[in-house]
Amino acid sequence: MERGTFLYEVWVARWSLLSGFGITLSASVLTIAIATLLGLILGIGLTYGWRPLRWLIRIYVDALRGIPVLVLILFAYYGLALFKINVPPFWAGVIALAAFSIAHIAETIRGGIESLPQGQTEAAKAIGLQFHQRLAYVIIPLATRRVLPPWMNTCAEIVKNTTLLSIIGVVEFLLSNQQAIARNYLVLQFYLFAAVVYLLINFTISQLGAKLERRYAHFRY
Amino acid sequence: MATSKAALLLQARGVTKSFGDLEILKGIDLDVRQGQVVALIGASGSGKTTFLRCINLLEEYERGEIRLDGEQIGYRVESRERRRLSEAQVSAQRARIGMVFQSFNLFPHMSAEQNVMLGLTKVRGKPKVEAQEIARHWLDRVGLADRRDHYPYQLSGGQQQRVAIARAVAMEPRLLLFDEVTSALDPELVAEVLAVMQDLARSGMTMLLVSHEMLFVRQVADHVVFMDGGVVAQAGAPAEVFERPATPRLRQFLGRFHGILTGAG
Amino acid sequence: MVRRGILGLSAAGAAVGGLASAGLGLLAPTSARAQEAGTSRLQTVLERGHLIVGTGSTNPPWHFEDESGTLVGMDIDMARLLARGLFDDPEKVEFVLQGPDARIPSLITEKVDIVCQFMTVTPGRAQQADFTVPYYREGVGVMMMADGDYKTFDDLKAAGSDLTLSALQNVFIEDWAHKELPEARVDQFESPDAALQALNARRVDGYFGDQSAIRWLMQQAPDRYIDAGRGWMPNSYASAVKQGDPIWLNWVNTVYREAMLGVDFDYFAASYQKWFGITLETPKVGFPSEFA
Amino acid sequence: MLNYNFNWSVIWRNWDAFLDALLLGLGMAVLSLLVGCIIGLLVAYARLAQNRVLQWAAWAYVELIRNTPLLLLVFMCYFGLPELGIRFLDKVESFVLTLSLYAGAYMAEVFRAGLSSIPRQYVEAAKAIGMRPWQRQRWVVLPVMFRITLPSLSNNLISLFKDTSLAAAIAVPELTFTARQVNANTFRVMEAWLTATALYLVTCYAIALALRAVERRYASIR
């Protein structure tokens, strides 16, 4: 391989690209995990919560969905420092991404639960299940099927949004590509390379989603 | 009313139609003369609606021909090969045939008046003022003068169907097709629609209708066609078809309406 | 030793703590304070056994990662010089990577002992932190593509308002550009990479930045760029420490001064050669030049 | 708890810059939505077309764009297009182009769903009064689809407006850029970001309200 060709430059930058890829993946996985867990809790709170709690969550959800993720990331990075919270850029990014995605997932969960036919809940009540039992055995399993497609969408969005971390200097996959470009000026090649990699990640997610959906396909009502 | 001496308006010969392997129409022959009211009756699945839709080219048919005023609908034969007409030609032919649907199919984004005006302005190319005048005339005629600015969702089923009839009639079609136009209506709304149809029939409009309202058919139709299994099983004047059914199938079919027919007839 | 908040694992604990404290009190500083009240930072650092330095990682030749991923550059050399002076071991430094805006806050909140991060000395900043003696005199300049429309500084001047420059976002950057090119438009980017990309993509006519950076870039790709050959807006780069600790400040100043003029001159001169391509003249013997 | 003294005079001094930035962001979002709608409509029809090649090309466009990070697309357009000799777009135009292509992919999906959800009967009714194919699309299918898709249209406008924040990465002076600029110039971190955030929130809310009024106006489909 000759110096200056695309493949050679990828080889030279392999460790940096791999580490960028690792950071993209870890940021995505962490964000998805945090956002799913807290989003689920907020979503249930949004549906069944005590009224003032519901309002509070509603305000959070609506506000977060009205602010660009980039602004949230910059805010987390610059703003949290003022509270003397020592947040390195990576975690500032994850916190901001998660805060944003929580709002989306909470809204998805609420939609999923509210779309369930009343009869299901009533039937569960009729056989004497308590609230947490109804939630665990009836509502969540049934809502899962409804929620799965939008949840997979949110996951793909999260992966795409991790590129914004590059703006606060986290060397995730996009920035590792840009660093390579800064060395070798192969602008289009590296950007296309990056696009293909993101495409593959998101394609994997959608395949996984389709698989999960098939597994839950027997929940028809 | 129209007699057999009136000019032949619609002529169908040997119309066949299949959906995949299933042959729905197995060679339909039918004549409709100017001013006639012809009713198609028969069990569901006998091909009545499909045949009606073929006339307006909402369905393609494989063999046979349908002529309106002597002109073949939808196809032309060129060196013995059947070719479909262009969309523009088909559209022009459709404009001469009106159709009223079971599910009304009013355009949901337009008021009653706009629904009626649309074809007049876009297809007939009439100026807006004139189209509006015609629309108002027909809405008035179907008893909806006060509803012309209402949107479909603001109208009852019977009112919607009357607007749909006005929309079809306003185009001054040579022939008006009615496809089970009262089937989707609540019983108490059926009468208002039938009344409008009867009014049209009296005014000399040529009509071909598929209906399960046997009493109405018997009173209004000049000619009744009983379809069974994709063929015309019996046809004739209402009195003849209803009182002297030739086949057990027709007897059986009419038996279901026995109460109504004898009760009123 | 580099502490950074990237590949999660080591930072995971800290961040979970950060999350928890964010939820609880919004204050509790998560890293141990670098200094006990009443004593000098010098004492604290010696007791701790390593120096904590705030710096960046994306600005060659000052602080950046080389191809093997090691943090290198002029600022890094200065920090290692301090570690050597403290512990006789240049490796006993912990680098805290931070953005330029974090330089003063991290000193105020005592997250770091000293900032070595191409810091321009200004009277305003001097009110919030104590600067050491400067170790570089910077100026700004313009770099163009070798095959671009503009070849000389006069071309740039003649272009007037048609000229667009890219620059790293900074407080004074537009004013500084306008001192010599009053009509030029300045597109400000968040990262130096992006600013340089804009030039590479010929989105802008010139890259407006520190002469040190321009010199470095020209060394890296000699045929690609040309230097407009004009420098202006002198400004001094120095390190900074928290205000009110004369012992610590004086110690750092001593090390820096002796690097430039005394016992550590060879180390300092080697760094200058390496990062700026500048060969320093050996200080004359006899009367100390700083008082000359 | 928070040892930070707010000083809002910085914001008032830069108020014009914030308003200009807001208008620029809104302008870019609206323009991108309009262009995106045109692209989306063409692509949606292509996806529903009989022609296999057309179908496939439309599918590929939608999937490629939707699965690639917007920031990457922004950089590709801004830094990459000049490599291909396309130099006549400035930074704002290049961003609007990117955002339009992005919006196009999302609108294509919205329109495709809208078109497929229009009951066949409306088209038949239009056929029955003799309307030609393009007349049926123009007077029946498109107006109905427009009303069906109106809510997604407003959601997309809000998303696009938020996405204009990425233009800051290529030095377009929109809200995020301005906030960062004010922040860099004055070190008033909180004031700058709170102002930007509030402006984003209020604008998104205003867009939602305005479009909800439009939806009510066109609410003839129930």
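Here the chain labels run A, B, C and D in written order, and each chain numbers its own residues starting at 1.
Simple rule for what comes next: contacts are C-beta pairs under 8 Å (C-beta built on N, C-alpha and C of every residue); 3 or more make two chains touch, one makes a residue touch a chain.
Bear in mind that the values here come from a model prediction, so they are computed numbers and not experimental data.
**Student:** Would you kindly count the fewest steps from subunit B to subunit C, each step being a jump to a chain that touches the current one?
**Tutor:** The distance in steps between these two chains is 2.
**Student:** Please state whether C-D or A-D has more C-beta contact pairs across its interface.
**Tutor:** Of C-D and A-D, more C-beta pairs in contact link A-D.
**Student:** Closest chain to the protein's overall Cα mean, using per-chain Cα means, please.
**Tutor:** D
**Student:** From subunit D, which chain is the farthest off, judged by mean CA positions?
**Tutor:** B
**Student:** Just give me the whole-number Å value for how far the CA centre of subunit C lies from that of subunit D.
**Tutor:** Here the centre of subunit D sits 40 Å away from the centre of subunit C.
**Student:** Can you work out the whole-Å distance between the CA centroids of subunit A and subunit D?
**Tutor:** 21
**Student:** Which whole number of Å gives the spacing of the CA centres of subunit B and subunit D?
**Tutor:** Taking the average C-alpha coordinate of subunit B and of subunit D, the gap between them is 47 Å.
**Student:** What whole-Å value do you get for the distance between subunit A and subunit C if each is reduced to the mean of its CA atoms?
**Tutor:** 35
**Student:** By residue number and range, which residues of subunit A touch two or more other chains?
**Tutor:** In subunit A, the residues touching two or more other chains are 78, 81-83, 167, 178, 181, 187.
**Student:** Mind pulling the subunit C residues that touch 2 or more other chains?
**Tutor:** 26-27, 101, 190, 194, 197, 200-201 - these are the residues of subunit C that touch more than one other chain.
**Student:** Can you tell me which residues of subunit D touch two or more of the remaining chains?
**Tutor:** Subunit D, residues with two or more chain partners: 1-2, 75, 79-80, 83, 168-169, 180, 183, 189.
**Student:** Taking all chains into account, which pairs touch?
**Tutor:** Between chains, contact exists in these pairs: A-C, A-D, B-D, C-D.
**Student:** What does subunit C use to touch subunit D in their complex?
**Tutor:** Subunit C residues touching subunit D: 25-27, 101, 104, 166, 169-171, 187-190, 194, 197-198, 200-203.
**Student:** Provide the residue numbers of subunit A that touch subunit C in the complex, in ascending order.
**Tutor:** Within the complex, subunit A contacts subunit C at residues 12, 15-16, 19, 22-23, 26, 30, 77-78, 80-91, 94-95, 167-171, 175, 178-179, 181-183, 185, 187.
**Student:** Looking at the complex, which residues from subunit D come into contact with subunit B?
**Tutor:** That would be residues 119, 121-122, 124-133, 135, 139-140, 143-144, 147, 218, 220-222 of subunit D.
**Student:** Can you list the residues on subunit D that touch subunit A in the complex?
**Tutor:** Touch residues, subunit D against subunit A: 1-2, 4, 63-64, 67-73, 75-76, 79-80, 83-84, 158, 162-166, 168-169, 176, 179-180, 183, 189-190, 193, 196-197, 200-201, 204-205.
**Student:** In the complex, go through subunit A and note every residue touching subunit D.
**Tutor:** 63, 65-71, 74-75, 78-79, 81-83, 156, 159-164, 166-167, 174, 178, 181, 187-188, 191-192, 194-195, 198-199, 202-203
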